[in-house]
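The same subunit A turns up in both complexes below, where it pairs with subunit B and then with subunit C.
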Partner chain A sequence: MSSLRNEGCTLTGALSVTTAVRDAVSIIHGPDGCAHHNFSLLHALQYENDQLVLPSIISSSLRETDIVFGGEEALARVIGRAQERHPGAIFVLTSCVAAAIGDDVSAVCGEVRDIPVMVIPTGGFLGGGFHDGVISALVSLSYLGSTGSPSGMVNLVGEKNLEYEADANFHEVSRLLALLGVHVQLRFVRNCSLADIRKLGSASLNIMRDASLSGVGAVLSDRFGTPSLPAFPVGFEGTLAFLEAAGRKLGIDSAGAIASEEAYQQQVIRRFADLQGMAVRIREPGPAPGPVLAELEKLFCFDLQDNGPAPQIPDPFPVGTAGLSRMLHRWRRLCRA
Partner chain B sequence: MRDCENALWPCAMTGAVSCLAGIDGIGTVIHGPSGCYYYPATILHREIHCTSLIEEDIICGTGEQLRDLVTTIRPRYPLLAVVNTCTPAIIGEDFSALIPSDVLMVDSPGFLGTFEDGYRAAVDMLPVKIDPRSTGVNLDGVNLLDPFSPGNVIEAHRILSDAGVAVSATFCSGNLEDLYRASSVRAGTNPDLCSGWGEAAGSLLGLRATQDTLAALDRRFPGVDPGVFEREMETVREAITVACGKYLNRYEPPSVAIFSWSGYAEFAARMLHEYLDAAITVVGSRNRAGTSKFRTAEASSLPVVEDLLARDPPDLVLGSSFEQRLCPAAAFVPFTYPLRGMVRLRARPLIGSQGLLGLMEDVLNACRDHAPGRPGGY
Partner chain C sequence: MKQIALYGKGGIGKSTTSTNISAALSLRGLDILQIGCDPKRDSTRMLMQGRLIPTVMDQVRERGDRAITLPDVVYTGFGGVRCVEAGGPEPGVGCAGRGIIATFQVLERLGALHADVVVYDVLGDVVCGGFAMPMREGYAQEVYLVTSGELMSLYAANNICKAIKRLSNRSRGQCRLAGVICNAKNLPREEELVATFADRIGSTLIQFIPRDPVVQRAELNRATVIEYAPDSTQADAYRLLAEKILTNSRLDIPEPLEIGELETLAYEFIAE
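Moving on to the complex of A and B:
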């Protein structure tokens, strides 16, 4: 079965992006059930992440009569209702129901003048899967960005907002960039405002969350001329390579940063010296990039077995040196069990 | 215009699945995309199957995908049920020639109505056979979404067993086989989820209602003994009266906002008013609000709940983690789905003696923890 069949709804993917804009409202042009499913999911994840602000998702409440006669009036009504709240922007996301009945969503949204109304073509599963929704939202929201002189800072693009470790990964990337003397200008899109997004085009470098967002990186490069790195760093060597690549793209000598990080990595590796020779079963294929597993096998001389304990390989794979350290702690628990 | 912001209650499709997936022996298939599957699969904690439709299935027809899944999993279940989702329902494909006639087809797409509408659509499709000779009773209103359902089932069995009454079928949990020998009489737990299978003998929600229900069963069947429960309820009343009196010796009664299914919320309001002289600021109903002597409102969206809580801020909230999040300063008792950010492992009833005792215990403890003079007290 293809992964697209199992990856969930475009709406959820797009909402994971649009609801991270604080001063905007997201409208689902679809039944209330779609809004509840997504709102409930985001509510649950925010509890896990100790975030106190609930997202704002309005539904056009499509019912059977709208299916028969068209849902454009329902959409116009709900946009009017959203306008009463005076948001900075309104994002309209289409459900599979709206796509199936063929509503002209762009025409309805085009009639609104005083507030930016942006149609994010999702179409529920008729628009692909979760990841397509993320990309569609990121590309759409990039139109809210303005060009500007390179600031010397970087944008982080496409952080996985539903990921439990999203902020831990952000702190790790920020720590690495600080070694180069570089700061994050914008998290595109995580807990930011529309004013923040306007700075999108003035970064000196865009760092994509992972390689699957290369298309978004290309769009940003075309529009703003900003170079990009394809992914957050994974693995010890990968983290050093990340520093080297970021330094090169930003015109910064990275030798000092790399030496500092290498020394830190040696400390981390020494902390896990008791893992040397651990009998493990590495399940392949897993979410871990092959070179990272090979690197760990080499560093810790794992005794690879067919039936040994199988350490968990997190998906997505942990970011940077700190991510590897957290993962190795969990592996050590297995070793002690 | 309906309020449509941050909807707090699941759709009709989820309601239908919550009915079918509760019954052992029924394999439940969601005919739709994986996005429609993950939500009920996550909240109902049951094995559910999905045809995982993608766009090309809609273009080419979804029947083949459904037929393949039904063929694969059919040997695993005595009965299969397929719940339709929005887009296949809009397309209106006819599956009758593709899947076996004994597979239940429940047309309950999300846009069709509420969670309760979907639940009833599925209940109506169940292959129930009423056994007119049965002297048992059907247990009604049991649902996977209801945090009280596991406890209600245990409490109902205890009370009915003490009275010498057997449980025939449970709507909707237990075994499929039980549905084939259902009773002609039913006793309710959650008033908002009536199955309609069997004649209503009454409800087990509350002491008086339980007493009346057992009396009705006594009139109907030979050998029913309501005496055990009648003796027990006196003890329960006394215990609650003493505990609430002790509380009131020291504190003012709380003002309370209650959110849940209409019947549950109304029940809690009556009990808190009766035993604790609590002021009920609002009975907020996730479904259609019933009649009440208290101020009632349909509370199925976040802004409405926010407004109800802000208009008359309560000392105590009974509700979901949505209400808990909106009213962090108030004492809180978990009372309806969803209950995030807390660990809940044991079965808690709301019906019968144990249900009422548990409710009052939770309320008194929450109020004491927030009482004046205590950190965070009201």
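Moving on to the complex of A and C:
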């Protein structure tokens, strides 16, 4: 999934965000196939990640006559059905065909109801991919947040919900923040409620999942005045730099945290001393970790080869010291095999 | 079986001309099927004593396309002409072009597209692929352009030539331009202008239809001119047109004009 982050379906990207809100329903305004396909995909990936909650998705089930006469009535009907589930909010995501015929989705959603009904434009033929859907959904959902005075806590923004290691990465960032004595108040958006999302504007810092979400960070800082860090940390040095930057933005002295993390990193490096001089073939540098790979090469004096065992460079790259430790563990298994 | 399609700018007189052609042909003992391909759904009104018949798309919407039978969509009017209206959405919503495509699928499935002559009366500007449907898949092989001498009307006719030209070089496309019908606005030198236009695009002016108040009188009596005033000269013009269409064998791949050429042409006739 992750390697396709700039491709794929806009709708799927947005759903990976909206279905992570526990008490909301996502409507796909389109043919049943769009809903079926996305439901199956989300369900399969979440099942693989040991989450057994079914994604809350319903379809406006557009048929040919809806396309000819306009799909707005079908949308109004399915909003009614969604309301029967008593959600706290309804997200309406448009399919390609609804966008192509120009259904006035905002007008239908704009009718007065007692819960928010929010449009997220996701017509994939407009040229966006999975990642554009994620951004579109995050920006839309940010309107559900209220402003508040800074709590001293942080928000994690744009965790990759379909990623296998999403929770491992979350625990690592939480561990690092705990070294600074800081807590996560909201995972925007992962396994949270609408009440949680309301706290969006009161964080003292937003930490973006990766640099591709800088636009979302800018929206949040415009709206709530919250400063942000551009990405979860990767690499040993990157992790220390993350602690330093987070401390600086939060006005916390990070010296102690950095020292203790550095000591932990030395432990990890010693634990993998047997990898020294390992022959590796780096297949593709991948998006982020260029400097991280250089760092690892230096630490472990890897013998770079054109052939030989080729360890996977995971994409997305694992987060923090713990992420590196997991990756090195896998590399060791590979070269012992 | 002969299948003809009338295309032209909105309001130029396609439906008036189509219904009179159908009426005239039916009186020659031919089995005629007229299909209105315009969400305005008023193509066949004058053949149906002013009645707006239920449209194919309305029926599909109400009952689902599997439940529809031939009598639900085909209505017999003046002279036994069988009338069909595609129908479609209200202005400003949905996708009218898809409605035309869906209508053809229903008619195809019902085996409705059979007659001595099938007359397709199609919405003016071929705004999307759906409205080119009658020209595709071997339906109407003969396209008639309805135009007056007004620039905007010639402009629309010229655009339709572009569609005909594009479709004519497809393997399955047998659609050709069969001629230009001048439905006059009674402008000076109008016939000459439209004849010159027809010639320039590589076709011919097949018939000049005068502008005549008898058309409105017939309309107020909810009838075609053929039915309401069979002895009028206007009826003669429609009968002559019907006759020519029946025997016409000239089929051209048109060469649309550049916009500049078209303007110059129209200007030549207005200036003097």
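Quick note on the criterion: the second predicted complex is superposed on the first by the 324 of 337 C-alpha atoms of A that agree within 3 Å, B and C clash if a C-alpha of one lies under 4 Å from a C-alpha of the other, contacts with A are read in each partner's own complex, and residues count from 1 in each chain.
Assume a contact is a pair of C-beta atoms (placed from the backbone, for glycine too) under 8 Å apart; a residue touches a chain by one contact, two chains touch by 3 or more.
What you see is a predicted model; the values in this text were computed from it and never measured.
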Simultaneous placement of subunit C and subunit B on subunit A, clash or fit: fit
Touched partner set for A:Ile67, first subunit B, second subunit C, both or neither: both
Angular separation of subunit B and subunit C about subunit A, which is computed from CA centres of the superposed model and rounded to the nearest 10 °: 60
Touched partner set for A:Gly33, first subunit B, second subunit C, both or neither: first
Subunit B versus subunit C, judged by how many residues of subunit A each one touches: B
Touching partner for A:Ile101 - first (subunit B), second (subunit C), both, neither: both
Distance in angstrom between the closest Cα atoms of subunit C and subunit B, superposition on A: 5
Those residues of subunit A which subunit B touches in one complex and subunit C touches in the other: 64, 66-67, 100-101
Complex interface listing, subunit B residues touching subunit A: 1-2, 4-14, 32-36, 38-39, 42-43, 52-55, 58, 86-87, 90-91, 110-112, 302, 321-322, 325, 338, 340-341
Residues of subunit A defined as touching subunit C within the complex: 64-72, 100-104
Touch list for subunit C against partner subunit A, complex: 57, 60-61, 65, 88-90, 93-96, 98-99, 102
Complex interface listing, subunit A residues touching subunit B: 1-2, 4-12, 30-37, 39-41, 43-44, 47, 52, 54-64, 66-67, 77-78, 81, 95-97, 100-101, 124-130
